[in-house]
Amino acid sequence: MNYTPQELMVAAAARQIQDRELVFVGMRLPMLAFQLAKVTHAPRAVSLFENGLLREASAQAMIYTMGDLPNQIGATWATGLIDVMALLQRGAVEVGFLGGAQIDRFGNLNTTWSNAGERKLRLPGSGGACDIACLAKRVVILMNHEPRRFVERVDYITSPGYGSGGAWRREQGLTGGGPSVLITSKAIFTIDSASKEWVLHSVHPRVSLDEIKQSVGWRLQIAPELRETVPPTSEELSRIRAFDPQGFWTRRAV
Amino acid sequence: MNYTPQELMVAAAARQIQDRELVFVGMRLPMLAFQLAKVTHAPRAVSLFENGLLREASAQAMIYTMGDLPNQIGATWATGLIDVMALLQRGAVEVGFLGGAQIDRFGNLNTTWSNAGERKLRLPGSGGACDIACLAKRVVILMNHEPRRFVERVDYITSPGYGSGGAWRREQGLTGGGPSVLITSKAIFTIDSASKEWVLHSVHPRVSLDEIKQSVGWRLQIAPELRETVPPTSEELSRIRAFDPQGFWTRRAV
Amino acid sequence: MTKVCTLTEAVHTLVRDGDTVVLGTGLEHAIPFAAGHEIIRQRKRNLTLVGPISDILFDQLIGGGCVKKVEAAWIGNVAGGSAYNFRRAVESGAIEMVDHSNLTVALRLQAAAWGVPFLPTRTALGSDLMDNPSLKSMRCPFTNELLVAVAALSPDVAIIHAQRADANGNAYCLGNLGITTQAVGASRRVLLTVEEIVEPEIICERPELVAFSGTCVTAVVKVPFGAHPSPLVGYYHRDDAYFLDYHARSKTPQEFEKWLAEWVSHLPDRAQYLSKIKIEKLRL
Amino acid sequence: MTKVCTLTEAVHTLVRDGDTVVLGTGLEHAIPFAAGHEIIRQRKRNLTLVGPISDILFDQLIGGGCVKKVEAAWIGNVAGGSAYNFRRAVESGAIEMVDHSNLTVALRLQAAAWGVPFLPTRTALGSDLMDNPSLKSMRCPFTNELLVAVAALSPDVAIIHAQRADANGNAYCLGNLGITTQAVGASRRVLLTVEEIVEPEIICERPELVAFSGTCVTAVVKVPFGAHPSPLVGYYHRDDAYFLDYHARSKTPQEFEKWLAEWVSHLPDRAQYLSKIKIEKLRL
């Protein structure tokens, strides 16, 4: 069955959500992943949005922003940003989703500044990403797999991963668990429990191991039993396409 | 015209409220004073209650507690305690009313513990009184005039007045203005701007100066032009009696 | 798996001997008297009670022998004056008292609800309330101003009464909130009693009226008139006569014991309690 | 003496050159575009903009030449990506940028709204956001844990759009609130635009829906569709096409100038603006 890398990413991200979990969702692909999880294995997962919304029911129409009316209508709780961040800061949020322009070996994310040769490029900034990175129990990261985005050390830490590795998070006083999974358009990575650097966990169908190795800016750890990523099932695909009929987020040519 | 000391206190307290002021009201006599001010000279005064209510309109029936339905119905804002305390802490509340079991020369109030000979008597505690005393721009105090209540130094500072006098409040870091007026069942006192101790301002009709002097536990300052307190007008009395028809708070024999 | 259960089950499971329990969070409004009386009936012991102003419920729990410590801003009978069981117990040293202002007790819970170990305030400076291990002088890291740091407190249980909730515990709390949201956010377990349990779709019609997320709630119990004799916006008035009667009948331990037998210990449940009251007079 | 006035008067009186202005407090919801465009038309200069996520309004104000500094968590076009005027201005050094997370910018305002000079948080630890004079490492006075102290910020003006308010500024804010209550509480002046002005009695019917006290509000202006192209709960949908069109037409300064002339500078008021839009398609 045909699918886009984004559709695979959505399906893989959905599998990171367990039933009854409180999930800090965010927009774009994670939003679709949450919707997918709700209709498959996690019907009682609860979604949280930093603008001040909590939903037990899924949104009934495609949304561009978390403020869109289909996300407001049918919400269980409409409140302020600090109330939602409070759930995060007191450790009640099991999983948060993040993206980024640049990521490094230890899962630190940069969405603020990047160096393009001589030029410094200004990116949009943190939004709630730093808060999620610091405070969620687990963090799942979704990124488009382009070599320039995978660096030994990010130019700017917008959203802390494991800093320089090892016990860095504890030393900083960070209470959240840090990144647990990185899902790119080519592979899936998990975290080495001691060094806190990425370990290549699985490679997507039709992607070679060499391609992955050459695309990251450091000497990549590879899991002893490297797998192929489980592709999306036909049910998952039909669900995803129902949520994003124009392929706006999943870039599917219709 | 006949009136009780409590009715005079209510009328005198009402005169402390100016139009458009945000007033931290409290229960009992101050509540009646606020209602009276609203129907006389301060129609746009706004009342604030620590349980989380703000009212622009007066309550339509007599209330025993600030949580009573006549105080809830017609409220302009129903919220939490911290939102109301925030107005106080950021200096938006012009005047707060307090009572107390014991008061001293520098306006410190005790509603926590008092010594009765050998025995320590437990009183109800601060409630929001300490917060009002610390944070309101002005504090108006209403007390029944019994000699045992007027001491050189309170046994316990529940609600800070001017501590030991002079610059004490500033030294403590207190941002509110402190007590401005003390209205008792026998007299009215204001604060000496330098020493920060009470100055006898006026004596109620049919009360002697000697009686007041002997009733306080320190050498009392007396205003150069000591007056007689202006008694409640007949309009004020009829308004007060309409608010408290049974004389529950004003102890009027009906 | 639903959170809905009986009051007996909820108190049995959620409130344990030695627990720190926050209740009376609406100040004089929506006080969870039904749940409080069930705690007395189940003979819970060595509780620490936390609250701002608690009209007479704290006094009843103290008189019922459930309490070892109180951490609160004001304990009395708002219309009547003293809370006699409280006075007797504190004066004799039978219970420990930690004094707060309304704002400092609110901030203890707000800090825990926000997941920070303390919050700063400008209240209580210069007062004797500072003689409290959860209050400390500090200076602002930016302005060097004197402030009070208030330590976070995470109670074991919060007990809340509200108008309506769905089976997940998403509740409409109408009227003043007092420190309700802070108490729910701070506590490990939340026992929610409500006048009515409704479908989630009803709650979602006006999600702005939901005061806290049902994800924080452990048990939901339908208890009509569960806040009597305190008032509840939209449902019933305060029973003023009941408060004055309690005041008159709690002046001595002997009188209180009779009151307690009549209104709590010898009653099997809330239905029997309500049958003793002219409840229709109070209903809105 | 009423607070009700026109948008022209309100912006003229309340927003002054050099002011710190907080707006876009609902994140992508209820963004006060009408007031923002009036600021551009009145050629206000040297503003400091404060906000959490501000979809494209900050970008328009920057392109309009009104801004010298931005203190925010995220500036872009949520559906489209980059905010081009913002990027150009920051990359060239034309404006100063102070980076925050959503929580730290919210806490700056919350601290001021509460009247304390700072608030503690556990976010931003270890991040490069700490390179910000309003964030400082500190230790908890009780637990000695590492925390971040966030300094209070009192903007000169908050600009808020809501569904309805009375003439005193008591407003129903339906839908998510973002940092609206914090912004109102923190600011010296508050400019409130609303879809409808109603009698106080209407507001008092459900005082739980009032998000802040009207005593904090300086001016109340009726501006129907005042948040277009952002959505407003109960009134209208987001105009997605408008955001995408703006994205396409702001890639170069030249294109942006044309967009600005067409949609802001050359329009006398909001009525003319609305006549250019198929507004009925968006209405609920």
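Letters A, B, C and D mark the chains in the order given here, with residues in each chain numbered from 1 onward.
Going forward, contacts are C-beta pairs under 8 Å (C-beta built on N, C-alpha and C of every residue); 3 or more make two chains touch, one makes a residue touch a chain.
This one's a predicted model, so the numbers in the text were calculated from it and none came from an experiment.
**Q** Give the fewest steps needed to get from chain A to chain B, where each step moves from one chain to a chain it touches.
**A** Minimum number of steps from chain A to chain B: 2.
**Q** Compute the centre of every chain as the mean of its C-alpha atoms, then state which one is farthest from the centre of chain B.
**A** Using the mean of the C-alpha atoms as each chain's centre, the farthest one from chain B is A.
**Q** Report, in whole Å, the distance between the mean C-alpha point of chain A and the mean C-alpha point of chain C.
**A** One centre to the other, that is 41 Å.
**Q** Between chain A and chain D, what is the gap in Å from one C-alpha centre to the other?
**A** 28
**Q** Indicate the residues of chain A shared as contacts by at least two other chains.
**A** Where chain A meets two or more other chains at a single residue, that happens at 53, 75, 78-79, 82, 89, 135, 175.
**Q** Mind pulling the residue numbers of chain C that touch at least two other chains?
**A** Those would be 115-116, 121-122, 145, 147, 174-175, 181, 208.
**Q** Strictly by the criterion at the top, what is the full list of touching chain pairs?
**A** A-C, A-D, B-C, B-D, C-D
**Q** Touching chain A in the complex: which residues of chain C?
**A** It comes out as residues 112-116, 168, 170, 181, 185, 200, 203-204, 207-208, 210, 212-216.
**Q** Which bits of chain D are touching chain C when the two form their complex?
**A** For this pair, the touching residues of chain D are 115-122, 134, 136, 138, 140-143, 145, 147, 149, 151, 173-175, 206, 208-209.
**Q** For chain C, which residues count as touching chain B in their complex?
**A** Residues in contact with chain B: 26-30, 52-53, 55, 72-76, 78-79, 81-83, 86-87, 90-91, 97, 99-104, 106-107, 110, 121-129, 145-147, 174-182, 230-231, 233, 237-238, 240, 243, 284.
**Q** Please give the residue numbers of chain A that touch chain C in the complex, ascending.
**A** 22, 46, 53-54, 56-57, 74-79, 82-83, 86-92, 135, 175
**Q** Which of the residues in chain B end up touching chain C in this complex?
**A** Contacts found on chain B: 27, 49-53, 64-69, 72-73, 75, 78-82, 85, 89, 112, 119-122, 124-131, 133-135, 156-160, 163, 168-169, 172-175.
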